[in-house]
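In what follows, structures are represented as structure tokens.
In the two complexes below, chain A is the common chain; its partner is chain B in one and chain C in the other.
== the complex of A and B ==
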């Protein structure tokens, strides 16, 4: 499989980048690490005539921390830089876990946080070469009328599988989206549409430039757990991101976000509400697991049977709660 | 598993015929699960290996059991995909560069398909990035590169994509094996009966060979007095299966080795001890007249048990507490060092030494990354008494190098190595004749070592290798010094794969034992491999580094099959959903455990400098070793590959239910 014929531009500043994005519109794709885009170009699941390389835009590569403001990360910062950053490890250790869960070392060295957040949704029937996909009806995600993973469904069920999004959402992250002439900041979870076909709510010419994470609260305890078969390369079959705050009586705040079980990261709002309204008591962990099981709906579009992934989802939620519970250490 | 149940269903009378025009579509066969023989459809090859009297053997048994096992298809996944370049010469000759394991067979098959003389076809094998059995046939790219080059007059290069290489060439035969074994109460086998169905896919590929190899190695490495082995190779409408590292033996050993552990467990015998009781030994009188001129199997069992700390871990309850528990299990096998009975199963070699005193070896052997050329060079250097770096190897070129059948059945070191040894000896004799004359001694008095040829009892009387070569030249003898050798095991019928009846299928058999130590997570069902310990009798490991590489590679292959690898066939289109290295899950460097290797040296009398095979034997140990270790850890038996966490959890649940219900 060969790459299509493409022109290549390498802007040096964010300003130049936004100009190019406006100029080329959807004829261009942005490339940073390229670990997803290059594969899609070879598979003909992405079709662009221009590539805009972020590699030279230094002003999008930074990690800043401040006790009041919290964490600011440029979208073109590599996952490896995040993994190796001592400040992030100290204040947001589960973000390091999540970044380190991505792929293999090579993906972490080349891949960026922005790229991971903007990762395209995945499915067995989508992430295949053109000749493979030719053997069957065109699916919704490729502009056709069928979902091969869920044949009776009228929607696309491709799953969001980026490891860092869930954890950042659990930490309450916001993202800045810029296009030429404007900038807006939204909660990270609002970036995701829930539509497997067009998973990110990005306007034409818009790009994610910065991620901000609020300063950690006292007694904040967090964890990222990933269900995978091998120790490297594999995307999550289930991802559980948990952020909690504790006081003398137990957990006072909880945010639980699931990955690989929907076309978007799933915020388990019911779990949040249970903790907020009832406080911590015996049996609450089982209810939180139940809430996770209700919220997460894995579909048969990847390795790992649906029943096993569901089982593990419940178990991993329980495991995550135990791991952050100071009483259980 | 749809693909496997299909291979049984297609045998049923009335099933659709995969090849309607094929005359021998039906065959009297015993279909799994049914006792009577009936006419079965879509059987492309059948083999029966029988010796002694199985019925009588079972009658003598104190304990009999029957189990069924199922294995899945896996892919070779060599780093380099299949490729070929064709070039046409106006003189009427075509040259094909192919990353093939079989340059000479490829030439023959190109001659047939292009309708040309073999003498007008040249096949050159460049460096190859792995084959594992997946590159030992003529593929469309070989034919098309040649034919299109002829038609266009331009060189043509065809490279398969990774997807094509992984899912559209060959795979390992999935197999369903029903095994019935009888033993005495001390654990000694009295009889075995195998019924094996191999899913061959849409075409024949290596069908007649795989059923024979499985048959011959079903009983090894144990002395089975009575055997009945039946194997059916069946057509189905999907991926073609062919030779993959072990070629039928890993499947049958999975069944035999796991069942042996079940027998040991039932009888209260340690799995190490039951293997020692049944082990084949050097020179044993075999009921089917197989000869074991070197066999260190018992030593491999003992060494492996010791190195892996077997006694301290096996069955010990303190390892079984908590959610994550450890266990240890053993798997053993024997393997062929080349196959005797294939047509043209020989090798030639030429050793040429000219005035520059560098040694050239011409060999038809096909190094596909296993290091064959290094070992051949070592053999020649050892025989001539020079250093490894003095040898230049030209190999795998049908126009320049002598004939060799190719790299498969673990025969290269044994066959091509012996040919190289004979050629080196022939050259050495010519040189030593001239040296003896010059030094005034007898040829028998000369020793060659470290680039010197000297008199045994008077080492100061010596000539350097260079001066020795020039001695040939200046004595008026022909230059260059050319030694030639040819090696092939004598067989009754040279033109076919005659495998019925008694006798050897190979001139030497390797043996080995392996212990896997695993960790099972009882809540998730995940199995992690902690350590794999191997003790291997490869005769003499001529190149310990490449032997280690082979064993470790074989372990990675076995671990991948037992835990992860699955093409995830789509039921409606027969496509592999796991069609890329992202989804087809092979072991990564982060999954590979600690591996220990012990050599048992047995000096085979026929192998070159005592060497036997080491490339395929180890693939048959690992799967049963892991499955047996899982039993030790959590008390469940898995009969179907791959061992997914879901299967482990399901078996644990079943076990829990049985124990609660009073059934132990």
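== the complex of A and C ==
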């Protein structure tokens, strides 16, 4: 497949990049790794005439750790750099698991953490070539009036399938979003709109520049589990990101975030509340799995039947809890 | 859109080329440089036949814009042998029967090389992980893993 004609610009600094984004407006997109955007351009599901190279901005590629401040990662840092970083492996091992779950060796070498967080939502009926999609009515995500996955629904149900977002949200990450003249920092979960058609709350000309993760608490234990058809390449059919803190009595804090079961990463707030208010007791694990099953609503827009993915969601939540429970090691 | 001149450094040689910004590295390697060892498979990042090494890392050349490669060290399958002398990976692939139709082989070898350049003594799980992005319809993968394992031993011996 040939790419459409584009103009390519390679800014040296973040400032230059933001200037270019403002200059070209919605004619431009940033390119980092390119493993999602280039495919979309080939499929004609994205349409821009200017590509601005975020991956080339060296000042956006860094990993810094401080015992009090925690972790800071520049958006252009590759997934492979995160996977191979000993400090991240020591203090945030589940972030390494999540980054290592993305794609395969090549995708990890090319792909950036910012790109993975800003991954477009996915659907069987959207992620297809232009000629494939021509055989069907235009869907909501492409500006039409139908959802092929959920035909009776008035909304787009394309699913968010980035592996690192759930884990970073579970770790309590914040992100910095910059555009020319302004910068804001939000909790990572606020970046996601829940709208399959426009999944990220980014203003025109705005990009994600930095991710910050709080310093780990004592007895913090975390895990990322991914269900996919094969052990490489595939996007998640279900992703379970769990971050917990333990004391002598059991788990005192829990954050559970699900991927691939909605147009956004789903924070299972009910599970958090159960642990916060009741403390750890017998039967609580089953209630947490129940809460996950209620919160995750997979739709038939990817490999794996809805019933299978729902079953696995419950089992993976239980597996994740067992994996982090010190009493079960 | 206007064509532009880039300098591509491939297998130790510099090439000055006139390209379109939307040309992928795969297109430029095959169509402009005649280096057809790197293959076009699915063209969307799911098969690995187009894997080359850029600055030591394996990349999907079908999803890489050539214009972004200015000044970067690129290695393709053509760059492995030294004259008639095959690279240990290539030799191992031949000797271990890891090649049938051969279409996946360049990509597999480049992923293997990227692994061995980082980790000279990988275990079999690490080898499987490194070639996870490369599909093979012929061999069933076992002999490919054997070949990379064997090459790693030969390379350690040589060094």
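As a working rule, the second predicted complex is superposed on the first by the 329 of 329 C-alpha atoms of A that agree within 3 Å, B and C clash if a C-alpha of one lies under 4 Å from a C-alpha of the other, contacts with A are read in each partner's own complex, and residues count from 1 in each chain.
Following the convention adopted for this analysis, contacts are C-beta pairs under 8 Å (C-beta built on N, C-alpha and C of every residue); 3 or more make two chains touch, one makes a residue touch a chain.
Source: prediction; values computed, not measured.
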item: First, second, both or neither for A:232, with chain B first and chain C second; value: both
item: Touching partner for A:329 - first (chain B), second (chain C), both, neither; value: neither
item: Which superposed partner A:68 touches (first chain B, second chain C, both, neither); value: neither
item: Comparison of chain B and chain C by chain A residues contacted; value: C
item: First (chain B), second (chain C), both or neither touched by A:315; value: first
item: Touching partner for A:104 - first (chain B), second (chain C), both, neither; value: both
item: First, second, both or neither for A:35, with chain B first and chain C second; value: second
item: First, second, both or neither for A:303, with chain B first and chain C second; value: first
item: A:277 touches, of chain B and chain C: first, second, both or neither?; value: neither
item: Which of chain B and chain C A:145 touches, first, second, both or neither; value: neither
item: Residues of chain A at both interfaces, chain B in one complex, chain C in the other; value: 1, 104, 231-233
item: Partner chain C, residues of chain A touching it in the complex; value: 1-8, 10, 31, 34-35, 38-39, 42-43, 49, 51, 53, 55-56, 78, 80, 103-107, 109-110, 231-233
item: Residues on chain C engaged by chain A in the complex (per definition of touch); value: 1, 20-24, 43-46, 48, 51, 57-60, 62-65, 67-68, 111, 114-115, 128-134
item: Footprint of chain B on chain A - complex, ascending; value: 1, 104, 124-125, 127-129, 131-132, 135-136, 229-235, 303, 305, 307-308, 311-312, 315
item: Chain B residues within the chain A interface of the complex; value: 161, 163, 523-525, 563-564, 566, 568, 573, 575, 577-583, 585, 587-591, 644-646, 649
